[in-house]
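Quick heads-up: structures coming right below.
There are two complexes below, and they share chain A, which is joined by chain B in the first and by chain C in the second.
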Partner chain A sequence: MIRHSKTQTCLIYGSALILALLLLLPVLWLFIMSISSTRDLTSLPLAWIPTEASFGNYRDLVSNLDSSAAQSFLYALRNSLIVALCATGLSLLASIPAAYSLSRLPGKRRRGLLFAAIVTFMMPPVAIVLPLYSLMATLGLLNSHFALIAIYCGILVPFTTWLLKSNFDAIPMDLDEAPIIDGANRLQVIWHITLPIAKPAVGAAALMAVLMAWDEFFYALLFTNDIRAKTLPVAIADFAAGRVADYGLISAAGIMATIPPVLLAYFLQKSLVSGLMSGSVKG
Partner chain B sequence: MTGLSLKNICKSFGDLEVIRNVNLSIDPGELVVFVGPSGCGKSTLLRMIAGLEDITSGEFWIGDKRADHLPASERDIAMVFQSYALYPHMTLAENIGFPLKLAKLPAGKIRQKVKTIADTLHLDELLDRKPGNISGGQRQRVAIGRALARDPKVILLDEPLSNLDAALRLEMRAELARLHKQLASTMIYVTHDQVEAMTLADRIVIFDKGEIAQIGSPLDLYNRPANTFVAEFIGSPKMNLFPASLHQTDRNKAKIRLKNTTYDLDTDGLTGDILDTAITKNRGETIKLGIRPEHLHFSSEGGLRGEIRNIEHLGSDTYIHIETEAKADVVVRSNGISALRNGETVGLIPGPGMGHIFDQQGIRVT
Partner chain C sequence: MIRFSRTATAWLLLTPMMTIIIGVVGYPLIKTVYYSFTAAHLAAPGTTDSWIGLKNYIKALGNSQFLDSISNTSYFVCVSVSAEIILGVLVALLLNQKFHGRTLLRALLILPLALPTVVNAMMWRLIYAPDFGALNALLTQIGLIESYRSWLGDPDLALSMVAIADVWKNFPLVALITLAALQSISKDLIEAATLDGASAWQRFWNVVFPAILAPVSVALVLRTIEAFKVFDIVYVMTRGGPADSTKTVSFHVYQEAFAYMRIGSGASYALIVVLISSFLIATYMWLLKKQGNTA
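Entry: the complex of A and B
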């Protein structure tokens, strides 16, 4: 065990505390805003602690289905879930075999492909958004889940492929050859051996992919225009775009929008536990 | 039980030729050991037999079926990897049963087979554990168990004992010998350890730079090495090779004179036509006389004189290093503990018929 001096310990804990505050204070402030009244939020000087706490904003968002706020929030939640989960699922379906092939099979051209993948990932969205828009318009796909899922897959596949490839690289080659000698084909190797061993990596890739799709704003803003396809980031932005911005409502929607990814992270956390590799090869 | 045959097998990686013209046939039920220094191509050849590497040219037959174009999964060959390659997320029972699961056997049958194998390998208590929670020797057993599960035609073992400590290696070696007798299956065993090769093999194939240097039973290789490479590789400490020259003394007799000395040796066993050819071919050339350390004896007078430079006591044996005019470091192995001291001058005499004569290219003469 490494021993630290008292100063070192203080510094480490101090830094950790500052980091925690930096991460948590905005969320805390968002929460305070969401339970404050409009009067508190607009008064000068600003009332940091609300005079009266109320969960009315949350009620407005989920229970009162006739209100336009609730409608746009709940539809957006549904759209976000559909788009993020489908895009993640499809991306993993494509990137798992792709990553396996890039990691395991021989061939010089594969390397080129890998770099092509990262180049598309690096490309700024503004560069391709116009041709994409006209393409989607021609196909009649604007304002649909399908358009967003397809675009997000384009973003996620290179990313998850890279992430998974570097993890598959760490699995010893013998663990590929042994099942083949045992009578497995490549797909069976992936299913029975590679995926269970790389479960933490797949979990991490899925989580990152969901978060990226969940938070994506630029394409969602441009390619959707009503509650049929608008996702949460766009819907929340809409709350701020009217003549009067209801900051309490916006904050409540923000808090609610973070709940699904946080839940997902909580459940995937179990699969993120690594250390599965111990004992497979050598001693 | 099935035999294997390899005909003119070659393998190159780009311009690099790693296996040259290997011809070998393995009988059903035989345990053949591939042995050689690292980089000699023995593991590559094993991987080619398994189907993990392509064959550049040549033919490979399993029984009477040509197999060099069959994928690994269809060859019905099992392999034990040097690293064991156990599946870390499966229990030992699942590991052993995995080939059977792939073959779509009913679960009941798999369980039964796994149990039989676990009994043979003394693993029955551990079947619910994962590979991370057992010892190296047990992992080795599981790897062997997985190879046995399908009752494969041939079992390949790639340096299976090299990750074990010395005591365990000895134990597993005996166990492997027992298993081979019990199963009577065809096995190919790759190792760089000549002791494993000598103790386990029905036949040994020695590789040198991608070619077969010699094939034979362990004692064949020890008693009649085909060339200086095999002569030095088999036996520990390795054979002493003296530079020498061949001189005809009579019509049917010749003597070998060690370089830089006046010490002559009889060429027992070297007579008739063989002697004539040997003399014509090697007239005036430096040949090699090989004598194993255990076949050199001390004499107070005569023999090849030299001074003792170093003595290694192993308890059961003593290795004595002697500097002579003919060869700078001659090793003698004597049983038990020797009373000789550093700096003493001694004479060396080989046991009768214990000299091996190799020509200038290093090929055995008789």
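Entry: the complex of A and C
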């Protein structure tokens, strides 16, 4: 690396500091709001540092089951967990064999299929939401976990297939040959050979899938309408829309909805970055 | 045990994926095309068969609200995506330097990306709040504005404020993509250029820029496709208001179909949106293919 002059060093540290503040301050403020009293948050001039910090909002959200805010929050948390985990699991079940097939047994028409999958993934949801809504309404599946899980699979499968396929491509083909000659079938090869090697890639795909499902809002907003199926994003949008006119409580809910994805993302930082990348640099 | 041919095995392994995609995306998409030629109404069963030809499309293209939503969306896409690219590339160039705390800063970039979109929207809505928001407090306390403003209540300002919230969440993605490209440039190349007397600007223009051009253009198109679909952040921050100034195309379709329950005309709007998206997606595919050929 080229050595920096003094001015350059100052410039670098100055910009680094600005960047750090830019990234941290909004979230820090969200956290401060969550532990501040309503009096502090509505005082003029604004109290930047809470006069009395309290985690009461968090306690209210997770334990005060008589309050409607806590009820919607806890049920939404449960619904989000169920939907995100089931959709991710099912998507992997469908996309692992598909990615293997596209990587190891390619064919001209099947290559077209991969491109079709990428196109479906990028299509705006408004393209399919109306018939899906009518269909779910006819089947009586509105406001159910099942509806969301099914739809999320449709979003996630193209993405995870694409992601896994490009990773499987990097595993030498020779490894498959011996067991096939010995009479193993492809599913056995996937299970015993491909998956153990591709563990990090599968982990990255699962992580991305969970994050996407956890974040999804459009379908969840339209297909759910009460605590039985509403997910966290919908519950938080409800809070923000004024059903709970309490900044502190809304912020606490926001912070809690953020903790699982942020922990996941930091824990698996490398996978996340490679997952985000593969959406952009691999073909 | 039965042994399948190579082709049969390939298709069998693809079956679960294809079933899901056809069921959740393919079939509904065809149905949307069908709806768009009917006067289907959500609250009136049986109307899905009322064929009215191209009427929905003719109405859609003459609907000023829809055209306004297209121009709002275009503005949002241009402002947010160009800001994300500029900021992202600058941040990547910074993080490509050696300094203390670089790893930590890089890890911090994940924070906006991992923050759920709805939480991001809610967070900025609170920051922008007209009566007790942090932005008003900050700007008055340092003397930049004299009195509190309603950032999201001003039709001339609201969409830009929403775009800022979007930029904050998404510029780290551009930064990470660019950073990966920067780190793949061989250090020898840079050092050789320096030894040959190339200035910092010449090094950037002749060595760095060609190396990041492809990934940055991919990021640009990817972000454009995403930004064009924007819905959640608008829903939470402004619900399309004030005076429809933040109403985007997705929001327009949502309103037409689910607030006014006109599925037929909603479908025709949706397909116009799909058509525009298809151009963007085609560009993306073309870029990927081009990049795949050179890599």
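Everything that follows uses one rule, which is that the second predicted complex is superposed on the first by the 233 of 283 C-alpha atoms of A that agree within 3 Å, B and C clash if a C-alpha of one lies under 4 Å from a C-alpha of the other, contacts with A are read in each partner's own complex, and residues count from 1 in each chain.
Assume a contact is a pair of C-beta atoms (placed from the backbone, for glycine too) under 8 Å apart; a residue touches a chain by one contact, two chains touch by 3 or more.
Computed from a prediction, not measured in an experiment: that's the story for all the values here.
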Which of chain B and chain C A:70 touches, first, second, both or neither: neither
Touched partner set for A:142, first chain B, second chain C, both or neither: neither
Chain B versus chain C as contact partner of A:134, first or second or both or neither: second
First, second, both or neither for A:188, with chain B first and chain C second: first
Partner chain in contact with A:208 - chain B first, chain C second, else both or neither: neither
Contacts of A:268 with chain B and chain C, given as first, second, both or neither: neither
In the superposition, chain B vs chain C on chain A residues touched: C
Partner chain in contact with A:81 - chain B first, chain C second, else both or neither: neither
Chain B and chain C contact sites that coincide on chain A, given as residue numbers: 185, 276-277, 279-281, 283
Partner chain A, residues of chain C touching it in the complex: 1, 3, 6-7, 9-11, 13-14, 16-21, 23-29, 31-32, 35, 42, 48, 91, 94, 97-99, 101-102, 105, 107-119, 121-127, 129, 131-132, 134, 137, 140-141, 168, 172-173, 176-177, 180-181, 187, 190-191, 194, 215, 218-219, 222, 225, 228-229, 231-232, 235-236, 249-250, 253-254, 257-258, 263, 266-267, 269-271, 273-274, 277, 281, 284-285, 288-289, 291-292
For the chain A and chain C complex, residues of the former touching the latter: 1-2, 4, 9, 12-13, 15-16, 19-20, 22-24, 26-27, 29-30, 33, 41-46, 48, 91, 93-95, 97-98, 100-102, 105-107, 110, 113, 115-120, 122-135, 150-151, 153-155, 157-158, 161, 185-186, 211, 214-215, 217-218, 221-222, 232-234, 236-237, 239-241, 247, 250-251, 254, 257-258, 261-262, 264-266, 269, 272-273, 276-277, 279-281, 283
Touching residues on chain B, where the partner in the complex is chain A: 50-52, 71-73, 77-79, 81-89, 98-99, 102-103, 130-136, 139, 146, 150, 163
In the complex, chain A residues that touch chain B: 172, 174-175, 177-185, 188, 192-193, 196-197, 199, 276-283
